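Listed next: structures, encoded as structure tokens.
Two complexes, one shared chain (chain A), two partners (chain B, chain C).
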Partner chain A sequence: MGEGTLLEVRDLTISHRGAGLVRDVSFDVGPGEVVCLVGESGSGKTLTGRAVLGLLRYASQLRVSGTIGFGGRDLNSLPERELRRVRGAQIGMIFQDPVAALDPVIRVGSQIAEALGARRSAARVTELLTQVGITDPELRARQFPHEISGGMCQRVLIAIALAGQPRLLIADEPTTALDVTIQAQVLDLLAALRRERDLSVLLITHDLGVAAQLADRILVMYAGSIVESAPAAQFFAEPAHPYSQGLLRAVPRVDVPLAGRLPAIPGSVPEAADRPPGCPFHPRCDRALDVCRTRPPELEPVASGLVACHAVNVPAAQP
Partner chain B sequence: MTPVVEVSELSKHYQLRGRHAGVVRAVDGVSLSVGRRSTFGLVGESGCGKSTLGRLLLRLEDPTAGQVSFDGRDWLSQRGEPLRRARKDIQAVFQDPGGSLDPRRTAGQTIRDALRAHGQDTPDRVADLLRQVGLSPDIARRHPRQLSGGQRQRVTIARAIAVEPKFIVCDEAVSALDVSVQAQIINLLADLQAGLGISYLFISHSLAVVRHIADQVGVMYLGRLVETAPADRIFAAPAHPYTAALLAAAPVPDPAVPPAWRHLGGEVPSATALPAGCRFRLRCPRAEAVCAAEDPPLHALSAGHAVACHFPDLFPREGHVNE
Partner chain C sequence: MTRLSWLRAHLLVLAAIAFLVLLAGWALVPSLFTSGSPTAVNPVASLLGPSAQYPLGTDQYGRSIYTELVYGTRPALEVGVAATLLGGVTGSVIGIIGGYLGGWADLLVMRLIDILLALPGLFLALIFIAALPRTLPNEILAISIASVPAFARVLRGQALQVRSLPFIAAATVTGVRRGTIVWRHVIPNCLAPASVLAAVNVGVAIVVAASLSFLGLGPSEPVLDWGALIASGEGYIDKDWWISVFPGVTVTLLVIAVSIIGDRLRDVMEPAHG
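And now, the complex of A and B:
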């Protein structure tokens, strides 16, 4: 395991009846680093996050291979009993729908206490609720999930995730179900936690605007593979992969002057079972070459990071 | 030219019983008008009443009070067979195309159902409509599960335009779609408007999306229209502090852009226990005593621009060159 690496995913492949849902995904997350997996539906970003926590073990139709190095061990080959000590304690997770992730018939405080385990105390529950920015924590601890708002439920889930004092937080679309003013508050909270606790975050999102607010590094996934990896500043200034470029152009935004029509990417993301041969993006790509139709590109270094694209990589090799 | 839709003082109140008894003022005295060949973008967070307003215009629910005129006629007094016939003029496109298509009917059958309901079924029409929304006519034989999300939404749009409506309520019509496909559908709606002269009420939680399609924008908060203005105006100089906060909270895909406004604190109050005076005052950075005492009415600032705030300000957005 490399110096300064907390999570080291190597060659993660997840398949379903022979169709590769996630293919040869490798990436690192360093201490205190926020790495953002960006992609549209069907890109494999959520499966990747779940595989890190070993949550796909009982999905009998899925085959998971590769290694997930964390704290000097491979989580993918760890027995379930030992993995349970990692889950929740060293790696926390929050999901998209905060209301569904809480037990509707148990008071909020009891759910946090459960996560605290042997170290539970009313004072510690109050402290955690305060840390995630919930005012009047004693009252909130006595309430049921349906009595509090969605934004507050997500704060409670973050409190539960923090209860074990994890080093890594996996956040899968943590603000997608929230209103935009509440989303801004939750993103501020995640940024503060990362600053104050040196927490590493694997943020999974479809929203490039959310990614821009938190990420140190961006990994773009398309049809099961990472197609670009770059530091956030470089990525947003000069995305290298044609898909990344198209995606960034297609985002409606409020901060730049309108320049005519919104540039769309033609077509749609292929289903895992009918991905085209070669580069999975080539049917939608305006820079596709002949080679793109036959040979899948590999991630290769460019100035800003790594890019899997023949059109980007080939000209550099043959100047 | 007279507007297609004119809404005046429209309200929908729901009576709650039992432990949470009270009145929910989902829509509370909203007035707006939608011009011909134009798009009114209605924006707000969950629970603001934007979808209820859309459902009232579609006559899916009856309002508690207020008037709606459609094409110069009273739309709310229509009943029975005349209403059924008039419904063809107002169509709808909803958020989840999976949920609004019958899973057992092919795309072609779904579109023919709409045509038949209004006695307009002709053999070639389905293929024409599919082409008009950018789909191959072969799609007619497919079931919704054999289509992508973007293709399904194109089918619901084909169904909506099949009966040549004058007005379409689009309620979060692109919200469930991936970004790359969302842009395709926004452009399709714009093209159809240019070609067919349809007007839209485009309901969305996203100001950024609305900006790309709306001519006029309205912002709702807790049942009230708090600001309305021509699109270029509202993005360049929002006058209501809530509009300004919504703009500031919209995520921008550029880490170099600093947040333009301190993020709004607090949450939307319960619709059954509205604060006295201005409904926004508990979260408002500029609230003063008068805001608790008096509910500010919508008043005009300039042509097409009105705001419901005691202290409206033309928050000029720095570096914004859209004026």
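And now, the complex of A and C:
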């Protein structure tokens, strides 16, 4: 394991009946770092997050290969019994739909107590609820999930994820189901927790606005592969991959007046089973070269980070 | 909604509840509902039709059918509830474990359950009662086996559905053991359909018990329950129909009442997950 890395994913491939849903994904998350996995629906970002904690083991049709290095061990080959000790205690996870991620028939406090395991106590439950910014924690602990708001449910989930004092938090679309003001509050909470606890976060989102608020580093996924990796500041200033550029152009800006329609990337993400040969993005790309149709590009270093694109990499390689 | 229209909308359910309350009364304090004794023989009054003195007529020994019916309620309900509990818990455990764990064991058990499901409950009970000494516990056991397949099927479906809900994944990633997940999250979320099925099954179990008694396969020590009562009228059904018909109607009404309430319960309890 490299110096200063907490999570080290190498060549992660997830396939379903031979179709690669996620292909050769490699990335690192450092201590205290917020890495953001962005991409459209179907790009494989959620599967990647779920694979880290072995949640795909129960889906018998999915094959997961590659290594997931964490604390000097490969989580992907770790027996279930040992992986269970990593879950919660080392790596926590929060989900897209906070209301559905809480058991409807169990009181909020008991669900947090369950995550505390042997160290459970009413005082710890109250303390955790207070830490995630829930007022009147004693009352909330006695309520059922349907009695509290969606934003509060997400705070409760964060409290559950923090109960085991993990070093890494995987946040899978944590704000998608919430309205905008609540989104901002949850993002502020995540930012504060990261500062106070030196928590690493693997943030999975399709929302570049969310990514911009928290991320140190951006990983762009397209059709199961990482196509660009760059520090957040550089990514938003100068995205290198044509797909990243298209994504950023499609986001409305408050500082630039909108001239006509917002540009969109034509077409949609190809299904895993019928991806085009070569670069999977070439049918939608405005800079596609001949080579893009035949040879898939590899991630290669550029000034800002790593990019998998013939149009970006080839001209730079020529003298 | 006005009170009257509310009453009209729920008339069927209210009638069903009222009938069950009456049966509960019969079962708990039979002496409150009839002054006679279920075993009081009166040769002068044998085989009388319904009248003011004997509202449901008398049997061949001059016993009041009404009194026998009232006193027969408790043993009938006892068999129904006991058999449902036994069969329901067994079937639910099979279904939930199969549904949650999946795999080849689930496949194997469920194919067996499918075969059992193809046989009528009474037939299953007959197979077992034929092989066992005819005692009350064995009768309950035989009837309970008849209800195992239905519970296993329904609960397996529910467990399959619950297993894929996000809160199970959420509990898994906090490091909760699989056994704890089943006990604390899967089972409680399967209870709503199980309780609806159990309510309906009590009625069915009573019918099966009555059928066994009617066929002469009830407990060898005679229990004065509805089934025995129906069976005792067998030889008289062409002329003195009231001996078998009134207890038969009572059993039928019980099954109807329970299924009306069961349907209503399902309507109220199902939309929990939205």
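Here is the rule we go by: the second predicted complex is superposed on the first by the 315 of 319 C-alpha atoms of A that agree within 3 Å, B and C clash if a C-alpha of one lies under 4 Å from a C-alpha of the other, contacts with A are read in each partner's own complex, and residues count from 1 in each chain.
The criterion applied here is as follows: a residue touches a chain if its C-beta (ideal position, glycine included) is under 8 Å from a C-beta of that chain, and two chains touch if they have at least 3 such contacts.
As the structure is a computational prediction, the values presented were derived from the model and not from experiment.
**Q** Following the overlay on chain A, give me a clash-or-fit verdict for chain B and chain C.
**A** fit
**Q** Thinking of the overlay built on chain A, is A:180 touched by chain B (first), by chain C (second), by both, or by neither?
**A** first
**Q** Of chain B and chain C, which one touches more residues of chain A?
**A** The partner with more contacted residues on chain A is B.
**Q** Report for A:89: first if it touches chain B alone, second if chain C alone, otherwise both or neither.
**A** second
**Q** Which partner chains sit in contact with A:300 here, chain B, chain C, both or neither? Use first/second/both/neither.
**A** Neither chain B nor chain C is touched by A:300.
**Q** Looking at A:74, would you say it contacts chain B, chain C, both, or neither? Reply first, second, both or neither.
**A** A:74 sits against neither chain B nor chain C.
**Q** When the two structures are overlaid on chain A, which partner does A:24 contact: first (chain B), second (chain C), both, or neither?
**A** A:24: touches no partner chain.
**Q** Of all C-alpha distances between chain B and chain C after superposition, which is the least, in Å?
**A** Here the least C-alpha separation of chain B and chain C stands at 9 Å.
**Q** Across the two complexes, find the residues of chain A that touch chain B and also touch chain C.
**A** none
**Q** Flag every residue of chain A that touches chain C in the complex, lowest number first.
**A** 50, 53, 55, 60, 84-89, 91-93, 95-97, 100-106, 114-115, 117, 157, 160-161, 163-164
**Q** Which residues of chain C touch chain A in their complex?
**A** Touching chain A: residues 102, 165-167, 169-177, 180, 184-185, 188-189, 272-273 of chain C.
**Q** Which stretch or stretches of chain A touch chain B in the complex?
**A** Per the touch definition, chain A meets chain B at residues 40-41, 149, 151-152, 179-185, 187-188, 206-213, 215, 232-233, 236-237, 246-248, 250-255, 257-258, 261-266, 268-269, 284.
**Q** Touching residues of chain B toward chain A in the complex: what are they?
**A** Residues in contact with chain A: 45-46, 148-151, 178-184, 186-187, 190, 205-209, 211-212, 232, 235, 245-257, 259-260, 263-265, 267-268, 320-322.
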